[in-house]
Amino acid sequence: MTAGRHFLQIPGPSNVPDRILRAMDYPTMDHRGPAFAEVGCKALKGMKSIFRTESRVVIYPSSGTGAWEAALVNTLSPGDTVLMYETGHFATLWKALAQKLGLNPVFIEGNWRAGADAAEIEERLRADKGREIRAVCVVHNETSTGAVTDVVAVRRAMDAAKHPALLMVDTISSLASVDYRHDEWGVDVTVAGSQKGLMLPPGLSFNAVSEKAMKLSESAGLKRSYWSWAEMAGPNDKGYFPYTPATNLLYGLNEAIDMLHEEGLDNVFARHRRHGAAARAAVGAWGLEVLCAKAEDRSPVLTAVMMPEGHSADNFRAVTLRNYDMSLGNGLSKVADRVFRIGHLGDFNDLMLIGTLAGVEMGLRDAGVPYRAGGVQAAMEVLGQMSDNARAAA
Amino acid sequence: MTAGRHFLQIPGPSNVPDRILRAMDYPTMDHRGPAFAEVGCKALKGMKSIFRTESRVVIYPSSGTGAWEAALVNTLSPGDTVLMYETGHFATLWKALAQKLGLNPVFIEGNWRAGADAAEIEERLRADKGREIRAVCVVHNETSTGAVTDVVAVRRAMDAAKHPALLMVDTISSLASVDYRHDEWGVDVTVAGSQKGLMLPPGLSFNAVSEKAMKLSESAGLKRSYWSWAEMAGPNDKGYFPYTPATNLLYGLNEAIDMLHEEGLDNVFARHRRHGAAARAAVGAWGLEVLCAKAEDRSPVLTAVMMPEGHSADNFRAVTLRNYDMSLGNGLSKVADRVFRIGHLGDFNDLMLIGTLAGVEMGLRDAGVPYRAGGVQAAMEVLGQMSDNARAAA
Amino acid sequence: MTAGRHFLQIPGPSNVPDRILRAMDYPTMDHRGPAFAEVGCKALKGMKSIFRTESRVVIYPSSGTGAWEAALVNTLSPGDTVLMYETGHFATLWKALAQKLGLNPVFIEGNWRAGADAAEIEERLRADKGREIRAVCVVHNETSTGAVTDVVAVRRAMDAAKHPALLMVDTISSLASVDYRHDEWGVDVTVAGSQKGLMLPPGLSFNAVSEKAMKLSESAGLKRSYWSWAEMAGPNDKGYFPYTPATNLLYGLNEAIDMLHEEGLDNVFARHRRHGAAARAAVGAWGLEVLCAKAEDRSPVLTAVMMPEGHSADNFRAVTLRNYDMSLGNGLSKVADRVFRIGHLGDFNDLMLIGTLAGVEMGLRDAGVPYRAGGVQAAMEVLGQMSDNARAAA
Amino acid sequence: MTAGRHFLQIPGPSNVPDRILRAMDYPTMDHRGPAFAEVGCKALKGMKSIFRTESRVVIYPSSGTGAWEAALVNTLSPGDTVLMYETGHFATLWKALAQKLGLNPVFIEGNWRAGADAAEIEERLRADKGREIRAVCVVHNETSTGAVTDVVAVRRAMDAAKHPALLMVDTISSLASVDYRHDEWGVDVTVAGSQKGLMLPPGLSFNAVSEKAMKLSESAGLKRSYWSWAEMAGPNDKGYFPYTPATNLLYGLNEAIDMLHEEGLDNVFARHRRHGAAARAAVGAWGLEVLCAKAEDRSPVLTAVMMPEGHSADNFRAVTLRNYDMSLGNGLSKVADRVFRIGHLGDFNDLMLIGTLAGVEMGLRDAGVPYRAGGVQAAMEVLGQMSDNARAAA
């Protein structure tokens, strides 16, 4: 069945809106000419408004993984200790990356069913009498589990421990979908990517960099060239880049920034919260369990759902793809085949959400997974109530 | 609320797939050059496969209304009598058009709740002893009501009455969505447009023309130039047109023809029937009434729904547009504000249908229209059962 | 040789700019919904600014030929006499169309080497004591010959003869490329199309209609429905259309109108004049003859070039297409194979012009046509001088 | 002056053809789903045919600079000596990059007016008795000067010296424009980017990797994660990537590969050689000097032109951009403001070249640079002669 639009309901890449695809569908321009400077300045300045920062933003032609690497190589030296928290698969990958770069990651184990525990981080920092920990790294929205880490609490923990480590936050799947404030929350390096809340195809990644982190980069001992913030700074100040930028993706980025501000970032965040609540209502009505066990950590961006014992999540996803032309996210590493993930982020609305949940409900049926009908109905009720509340409040 | 895709669920124009928009997004070419001949030949030949005819197809740069006019001016003379059947708003418009052109339409009144009644047509033809009726004109799928006319039965009625009139059929909203066979069903002139089952933007219209009709056009007395079949014939035989064609829409048309054959016309028709059944199940579950009262005439393309007494269909539609970014069709003329129409045609799939029906169900709630919840659920059950049956049959 | 961009240098369709193609590459919308009204109003109002008229503009989903037909059927009655002037192929086609519609065209013969002669028109009008001539029809820019008719002189001639006939002008290949003023010049019906100066793909046509013509349409006896101005008027006043409009072409039209005003109509006209002068300098340098013999009538939009005796223009064009991937216009009817036409209109600039003229110069060589090298060089000199003059004047 | 198409005649990014932009203008897909595997396999396999290699190709979401870094970090260890050749700005940048990564580049000085001298390389290698040189790095087509290095000669020199160093070649501005054979020429690591001969927007880069290089990567001591070949290998074998790939650029890449094979790589190379010859003929006719002093090293991809003493190349480029909407390449570092570069690569044809050269010739005039007219004419003659020769040979 191939008629109609594919439902791309993985937790990113998200559905790219026509406006953005069309903005990218223009001839590439001279990246050293005067017209480009306008594009570059708009992108760099616009991304500050999305990160909610006054300090420097760096844009790479790379996947989000590259921005993880950039955060580390610009600020740290070989053998440096970094404190990381195992919220799920992506936190684990980041840790592995740190190891490959010759760092010494200390990994706080987690059960993949909640965000990072700020109290535990505080404890580790207090115990670090020698101040060997150079950076605390957390994932804001863990894409593999659908759990959000309370970054404000982490910052508070660091302050309480009076620890000078840098705070680094991966917002790859949260930026522009979940409220985030680089400056206000005291983050040093924020890591982001283009293909989730920013509604772009993959291919751009970002660092937002505090003055403290920028200062540290002058003495950081890890080798770097492509990822070097210092090399970006000069050309960026005039809207240019030290090497050929991904021009057409920048066209799309500028359109995305416009779209986000047209809707209003707070409205964008509220929309995601509402869709998250509706998706979880559906899961509950089906009699299934949300992977994220801690209610207040549940993600507005995606919902990871545990399969009933003895049923294959991957088989269910294959059935759903075949019968309803919808892609769902798979369970990664530890939860492979035991979890599926519903993405409800980016350029998304109520009717797309209901279509998505209907695909899940009909797919459960087709795949012979035990479930109770009524999830879609439950989601519609939540959407209605939350609209009523919003209208009442307005 | 403007995030995500608009749901364009009027009964045409239908949602244009990306492949078609992208095929149109190419430089216009020389319409007298050799490359164009390939485009023109493919379009003209391809449309024969869609009309299921071996005789001539004519393509106009015009709306479907133009193809109505073309059907009449090529075959008839001033004052000619044509027998038409009031299936709804569009049949009535066609009648008005005939009058403006100086023809004498005899209009069989209908109640807008069924397709044309072949028995009544037969009766009128038998009564026409002088053979003054030159043409019988029916609308295959009446877009204003969601009622399908049984064209085979009409042909049979004409044959039974041994009447030599031409049979003209408007398939503007049925072609490439509902089974249709120009040759096998003995139709003389079929009228079609680009923006429904053909999944294109509006701007092209079509006539399929039997040899009998083509022959009659040599002596038909109505004046014509733009619509003249005779002028098309020569250039068309080599893939060209007598005046500048709508080149970029032809690019899209060729892509549409490919897409329809890739899916298979019979699969396309089955898909529309399944969606029609599911939509009607939803209407029934809501406790509302489908406008088309005759069960076997109900359209696979759209479902017109009667509003409960005292409630405004237009207000409901406005609420749905505002709250769910979905466009529904309005009630036209006689049924204005008393009916709304759900389009489920063209490039459409199960999850888009469920999203659409959810928009209706939530819109009914928001607009304060009395209804029972559960329409979406009922539709999902029909989709599931019909899939099971299809799989069992396969 | 297929790399790089095709040079579409026929005198229309012209090269469609990316902005316009991209504007059209958006989902079709509900043509009865509120968002459409904005599109429709902008298009209708915008076209007034292009025609330079305060009276009504009508937009058809059709080729330009349709707008010719519309001009006649809305204002005339069967058997009416119209005075037409044989400037070339397209004037002849318009005459043939008038005949097919049952009108009585009086055709002033021309030699295809100049615009219409206002003195001759005045003479005919003065001779028409019975005032039987209902309309004077001229082609502003005759696309088959590259000759411009002085519309102001024609109007003056009509006024001098005190003749009440309507003045109808075909601006299909001149509008938005050559200065034109519907109101100031006292034109009653202007006919236009989308695929030339408006830079759109073909598929839209236009009438600008004076109050006098609109008034006459109330009593005009020719039958009409699709082309009826009266039916357009009501819906148009709110931005809507009486039948489904060519929505995506309207998206493109609105972008085109914006682009024309961004550049400034006067600048657009000056650009075309400059390119016409440069093209003619090239023709002269090659030792070839421009078809339009009257210097002041030579078109800024296209240059028709006479082939040396004994050489086939069509063979030359085929060689040029094969060797340089450039389409040139062919000679039509009377001048078939004896003339080729270079289009230099629409979205066009100096370097595209030089590339075009280089294709002609190299094509002449490859096809064995006798010519002198240096046409491209001569064109470059004209471009330079005219730029110098423009800068000196500024 | 903004009408018509911009002439993007920098030596890359090159003009992206519509087919490629349109191929990219599709919804992003699930990079872990079955449909993606087809995209990924086609891209990876297709790039082998472009590199003319049977061994591994690696694709990065990054600029070409990233692929330079990848070549080094996968094969070398801290402090390793690499022999590099100063052909121009980009060779110098690569050297600087090697230093930043902690390598020890030995840089053979050059005068920026020729490709690398194989004899000098051989001499250095023979002198390296201790076999400390781990890699020889040359730039195939030096984009800053328009000089091509004879890679076959370099390989021969290495073989003659019996030196085991790796051979690394930067083909960023030559691949798919200039004949190149990774396997046949015995290259170990080839570096490439998307935005030149591959006709894509920037954002993808490539390594082609010999078995010897791949083997060495197992023990190479430089730290790496993003650039790691080892991590790519596993997922790549099934068409996937270890992190989110730049999906939409891959869509475009597959279209580019198809286009290159449709034209035929040898035809593509011949086309570039012909355009290079014509461009140099123009420069000669103008009385200007080509930067590349060694005739046999002159690039088919770009022509760098020396400005007459006392004239600013950047002022000339600014005039050309303003008056003719054409972007030319600037002189970089050592030759800043003294050289301008004409790109004639990628999706390019004869008429675009003549338009380009006309822009230069008219720009020289407008900027008051001393020159002789006739460069465009000279280029046309070369194009004609080379076509004649090609036809005679065929």
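As written, the chain order gives the labels A, B, C and D, with residue 1 at the start of each chain.
By definition in this document, a contact is a pair of C-beta atoms (placed from the backbone, for glycine too) under 8 Å apart; a residue touches a chain by one contact, two chains touch by 3 or more.
Only a predicted model underlies this, so the values are computations on that prediction, with no experimental measurement involved.
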Original post:
Shared interface numbers for subunit B and subunit C above half of all numbers used, same, or below, different?
Top reply: same
Subject >> Angular offset of subunit A relative to subunit D [C-alpha, multiple of 5 degrees] >> reply: 180
Original post:
So which has more C-beta pairs touching, C-D or A-C?
Top reply: C-D
Original post:
How many Å are there between the centre of subunit B and the centre of subunit C, using C-alpha atoms for each centre?
Top reply: 35
Subject >> Mean-CA-position distance for subunit C and subunit A (Å) >> reply: 54
**OP:** Could you give the separation in Å between the centres of subunit C and subunit D, each centre being the mean of its C-alpha atoms?
**Re:** 45
Subject >> subunit A, residues touching no fewer than two other chains >> reply: 5, 15, 22, 25-27
Original post:
Residues of subunit D touching subunit C in their complex?
Top reply: 1-5, 7, 15, 17, 25, 262-263, 268, 271, 323-326, 347-352, 354-356, 358-359, 361-362, 365-366, 373-374, 376-377, 380, 383-384, 387
Subject >> Residue ranges of subunit B in contact with subunit C within the complex >> reply: 5-6, 8, 10, 12-13, 15-16, 21-22, 24-34, 60-66, 69, 97, 100-102, 193, 195, 201-203, 222-226, 228, 243-249, 321, 327, 330
Original post:
Which of the residues in subunit B come into contact with subunit D in the complex?
Top reply: 18, 22, 25-27
